[in-house]
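The two complexes that follow have chain A in common; it is paired with chain B in the first and with chain C in the second.
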Partner chain A sequence: MQIQPILAALRRHRLATLLITLQIALACAVLSNASFLISQRISRMHAPSGVDNAQLAEVSVEGFAPDQASNVNARMLAMLRGTAGVSSAALINAVPFGDPAANAGIKLDPSEQGTHGVMHFYVGGPGAFQALGLKVVEGRAPQAGDYQPVADFTPKQAPVVITRALATSLWPQGHPLGKSIWIGSRRFRVIGVVKGLIRPAPFTSSNRPAQGSIFVPGQPGPQLVGRYLIRVATGQMDSVLERVRKAVRQMGPQVVLDEAQTASVESLHSSYFQTDRSMVALLLGVVAALLLVTALGMVGLASFWVSQRTRQIGVRRALGATQGAILRYFQTENLLIVSAGIALGVVMAFALNVLLMQYYEVPRLPLGYLPVGALALWLLGQLAVLSPALRASRVPPVVATRSV
Partner chain B sequence: MFKYYLQLAVHSLKRYPVLTGLMVLAIAVGIGASMTTLTVMHLLSGNPMPGKSGKLFYAQVDADTDNSYPHKDPLDMLDYRSAMDLWSAHKADRQTLIIDSSVKVVAPDSQLPPLMRTMLSTTSDFFPMFDVPFQYGQAWTAEQGQRHARVAVISAALNRKLFGGANSVGRTLRIRGADVRIVGVLAQWRPSPVFYKVVGGRFGAATNGRFYGDTEDVMMPVGTGIDLNDGHFEPFTCWDLPEHAGHLTHAGCAWVGLWVQLDSPAKVTAYHEFLTHYAQQQKQLGRFTHTDVRLRDLMQWLTFNQVVPPDVKLQTSLAFAFLLICLFNTVGLLLAKFLRRSGEIGLRRALGATRASVFAQCLVEAGLVGVLGGIGGWVLTLVGLWAVRQQPVAYANLAHMDLSMFALTFLLSVLVAVLAGALPAARASRTAPALHLKTL
Partner chain C sequence: MLKMTHLSKVYRTEVVETYALRDFSIDVKEGEFVAVTGPSGSGKTTFLTIAGLLETFTGGSYHLDGVDVSHLNDNARSKIRNEKIGFIFQAFNLIPDLNVYDNVEVPLRYRGMKAAERKKRIMESLERVGLSSRLKHYPAELSGGQQQRVAIARALAGSPRLLLADEPTGNLDTQMARGVMELLEDIHREGATIVMVTHDPELATRAQRNVHVIDGQVVDVAEDRVFSTSQLAEHSPA
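Here is the complex of A and B:
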């Protein structure tokens, strides 16, 4: 296949060629960035929580006076533990994907300037650590003597368990056990490391790492009341929550069920990522519409060129060109145009990415997304040009003899 | 002449229905996507207090004594003491305090189970300052606020829920166990965003859609609110944790907002000086370590808090990138269309049509494509807004098209089409008369 005649023909249609190239370049830029954003959102949705989402649920009540705390805790725990299908129940201040309860900036030294990021403190009563089902990879789980009264939002000092990701980021050289984490004058000593535990509201800001969770054992009381974690046998979640809602209503006007925060971790996860899901749907819609419009543009232009060159095609056919040669001519032409568009598009994709990074919290575009966009556009171009090119290949040589 | 061009355009568009369809579809889809996102942007970035927003200011001083971080901006809210000091000085034309908390509400003479609702503790200036509409009764008086009177104003929604929408002025509510008399019921009121309680937007902008939720259901004087609900207040942040959670009046916590109304630029300057003076005085007393103050007007405060969620902005820029691609697409197709008619145009030129008239004719045709695309785009925008309303976001039920956005849809689509048509039309008008006559 000779490229020379194709380039010569394109030179005669400089404007149209330029336009379609620009359109493909823009499409390539938007396509690579959009697919990157889509995969970023999807990977967030699938980020491991570190707990068993389907078997855990939060039950939350409010409306009681502070001095009724121990009474409410006792009644609620008794009710929950007595509910069929509940294998364990414990006090906790927050669960993954629910409302956050205690975010605080941490220091490794009280005199340090600045913080090492804002972490979430999960304060759990006896049994909470076990109910969460956390896997200890280093050190130990909290023991009976570790549960201390909660002052305001955490105990004043306490042994804590942190996630492996947090341990690695705070102490890259290892040996996190025995080290201290500070909030103001409160000191927390690391006694154990777990494989993973996602914070309640992950991915909101860059100084709040998703795995930035610290588990603090705390004694139930006026400052740790009203929120309970339950572990439920497989497949019984809906019926258990229904029974719990009914039981709370029967406890009288003293407590009011917090409907929104009484749900399985799985459904909290689902509502937490609702906006990400609609963003993904929207981005997919834009990508589909974009590919459609680009394909239509290429079909339109190719059809126009075919009809404009009917006579020339006839001449070539009369001079001995096969149908295949005509077909390949238009396919090669399209390949050249799309390749030029992609070459320009790669540059524009990075420019667009830089723009996005400036205004939104978007990371740098990995190189891997460029071949994906390029491949999609090459395929699309060949598909779009196929029907006009086939039409061109079927032009009979006899056309050449008509009214030259 | 325009009518003749229009006839020509209709004729020409009918001759190639598929090509015409493609162009109209491309513009319609591009316009639909852009206008849907633009409408959402428009309603999220609108002025919630048009005509008055320039007189409303949010006051900030920095009581945080924690020096381990750079104090780039004072905290988003005030501690109780600073708030009370500044409010009771009455240096502005109007001033009001904002404290949000949740309360347990019971209507003693109804059978409904207790409800958890949000409560706004504020001052009597709140209502005239923010033009809050009343359906029944009125606000409490400043004197009632002073003596912590057990009075409340409730929202239209709570009035419907508890009293079936009847005039409930004079009836009783039990808030955290204490009886409170209803003195006013609001008419439907939904500022968007709920500007007076916008805080902390710069931390975690991803969730800023929350600013477009509902207003509080119960409103009470500050003193009464604190009397009844102490122990249930949540701080914006603390630098000195309270001994007992929820009791914040003596703690080193920021949890009170202060809005002031200043009717003239001179008063704005004077108030700013007053704030600075207060901060310096507090520093001398040893209570403050920073003397930075801020006095942003309503719109500046909303911008500072990035009230338009970044996802919405991202969607809008994406939609416009898409419209740009549709524009290029339409340029290409119009070019193909006009050049295909070279023979016809050559004939018109040979018969005496000037370049300008050929250009005008082509533009009219492009404009017609724009109008058709605009109609399609309008329909697609309505579909798009319907889709937005199905989303579980706080601003979902606000997503409707207003007249200005309706007009903009058509303006934008005709603009896009004419812009797309200009280049091909210029090309077509350069057709040499003789060359193409030969081939006819």
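Here is the complex of A and C:
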């Protein structure tokens, strides 16, 4: 191969080579980190919620006095259950991707120092567990006798159902049933485990796991009022919500619909990840612009070198280089420059990742993203250099005899 | 070694056809040192480019070392250039980014030769031209005469069957030109076949045989005799 003479020639053009190498290194560093951030955001958006987003909706009302709680609950539940298209309705303090209601640090023993993370307590009235459609994988669902009065966000003592991810995290050896979870002096005994239930505001911090959800059966009352979960027949969500809005308006001045929180879980999901979608679009734009600039830089430099070396190419052809050999020369040259850029870019990628980790909640860059960035840049380099290299290969050998 | 018969080279545009070579015939035997002379625009450089397979021709036939090169594709022509022909150009045509060693190595790499064999040949050919102490020098660090010697070493390194020289002393002063010509004569004495294109009558006298070209045709062939300056001047443009 021509590697040694190519390197020798590049040493004679240090500045141009260094600049393009640095540009490639920067592209590699940004590309690796941006790909990681993009894939992280996308995987968040596609994280399973554990419920059927399209069929569930939250209906939220406010404006009533605490002593009207029982009356409002009764009227609302009656109205919702009587609305065409609603298959079930129940009280709940929060729904996935809606506003969180009860986050608390949990302990496995009240005397423990520190907590096992901050979990979200979904407090649901009778029928809520079934309306959510949660899949029990161990133990049982709450039964009629399990519903306790709510005091300060949760019942004081209650049987609870937790997610499988939380159960595995708290008791890696298994057997979560019958175990206790504590918030201060409040004790919650695990009676069941569900496949999954995402917390209302997932992915906000590392000590708030996305599947850190605990379902607590609670009795409707002054502290469990105004937020309702409805399950709607497929394809009827918009019309049902419209009927519900109309019905609430007719309930009188004491009951006011919270428009922002009255929406399908799917719609709440979409709103919740709006920032992530914008970030993905922005990062894709940055990556595309950077790759374009890098590709143009490589095309520009290769074109300049081909023009500058036209006579030299003619001489090489005269000395026996085939068109393929000239093409390979420029492709190999590009491969070497891009490889040097990638080698430097890998170091810069980790440095950038460390910097991002210091200022933002970004995990360590997995090694797997580096080959992806490297491969993308190698391909980009080869594509970028192809046109100038083909032009070079078409330089006729007779150019060697022409006067300068 | 080199035989062209009724060869023609026509450059065509939409409105005009220009004959650079017309009914051009020449036969160079193995071991000959032939000078091709002629005034500017006579077609002698076109002859050299066709002889060196740097360009194709329009009509006639051309046999190089017994091979009919009329219908060879680009790769086959490249292979013959690499293996059978050594070029010496007026402008030296060394690659400025490569040092002396790497410059001489260029055609050997295209031949796919092993590194050890390449090194042996490079050292031998550089010693032959008296530049074995300048391996790491770049062309810009050498005089014109030295650069042309490196070019000759590059041409010799591949042990070509034919050396084609295009005004090899055209860019050199008298003293350097003399040195380069003596080197070519030495190489010829060792058995090489050399075809040299020149417009310099003095230089042509050093060759074994002279071929004079005017308007793309061979007008005179002088074998084993020396053209005088006045004789050549008769064919030069006024």
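One rule holds in what follows: the second predicted complex is superposed on the first by the 402 of 404 C-alpha atoms of A that agree within 3 Å, B and C clash if a C-alpha of one lies under 4 Å from a C-alpha of the other, contacts with A are read in each partner's own complex, and residues count from 1 in each chain.
Methods note: a residue touches a chain if its C-beta (ideal position, glycine included) is under 8 Å from a C-beta of that chain, and two chains touch if they have at least 3 such contacts.
Note that the structure is predicted; figures quoted are calculated from it, not measured.
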item	value
Contacts of A:379 with chain B and chain C, given as first, second, both or neither	neither
Which superposed partner A:274 touches (first chain B, second chain C, both, neither)	first
First, second, both or neither for A:284, with chain B first and chain C second	neither
Dominant toucher of chain A (residue count), chain B or chain C	B
Partner chain(s) touched by A:293 [first = chain B, second = chain C, both, neither]	first
Which superposed partner A:114 touches (first chain B, second chain C, both, neither)	first
Touched partner set for A:9, first chain B, second chain C, both or neither	second
Chain B versus chain C as contact partner of A:321, first or second or both or neither	second
Touching residues on chain A, where the partner in the complex is chain B	15-16, 19-20, 22-23, 26-27, 29-30, 34, 37, 62-63, 65-66, 105, 107, 112-115, 151-153, 184, 201, 203-205, 208, 222-223, 249, 253, 256, 258, 271, 274-275, 278-279, 282-283, 286, 289-290, 292-294, 296-297, 299-301, 303-304, 307-308, 352, 356, 359-361
Touching residues (chain side chain C, partner chain A) in the complex	45, 48-49, 52-55, 74-75, 78-79, 81-83, 87, 89-91, 93, 95-99, 102, 105-107, 109-111, 138, 154, 158, 166
Touching residues (chain side chain A, partner chain C) in the complex	2, 4-5, 8-9, 12-13, 311-312, 315-325, 396-398, 400-401, 403-404
Footprint of chain A on chain B - complex, ascending	19, 22, 25-26, 29-30, 33, 66, 68-69, 102, 104, 106, 113-116, 176-177, 203-207, 209, 231, 239, 241-246, 310-311, 313-315, 318-319, 321-322, 324-326, 328-329, 331-333, 335-337, 339-340, 391-393, 423, 427
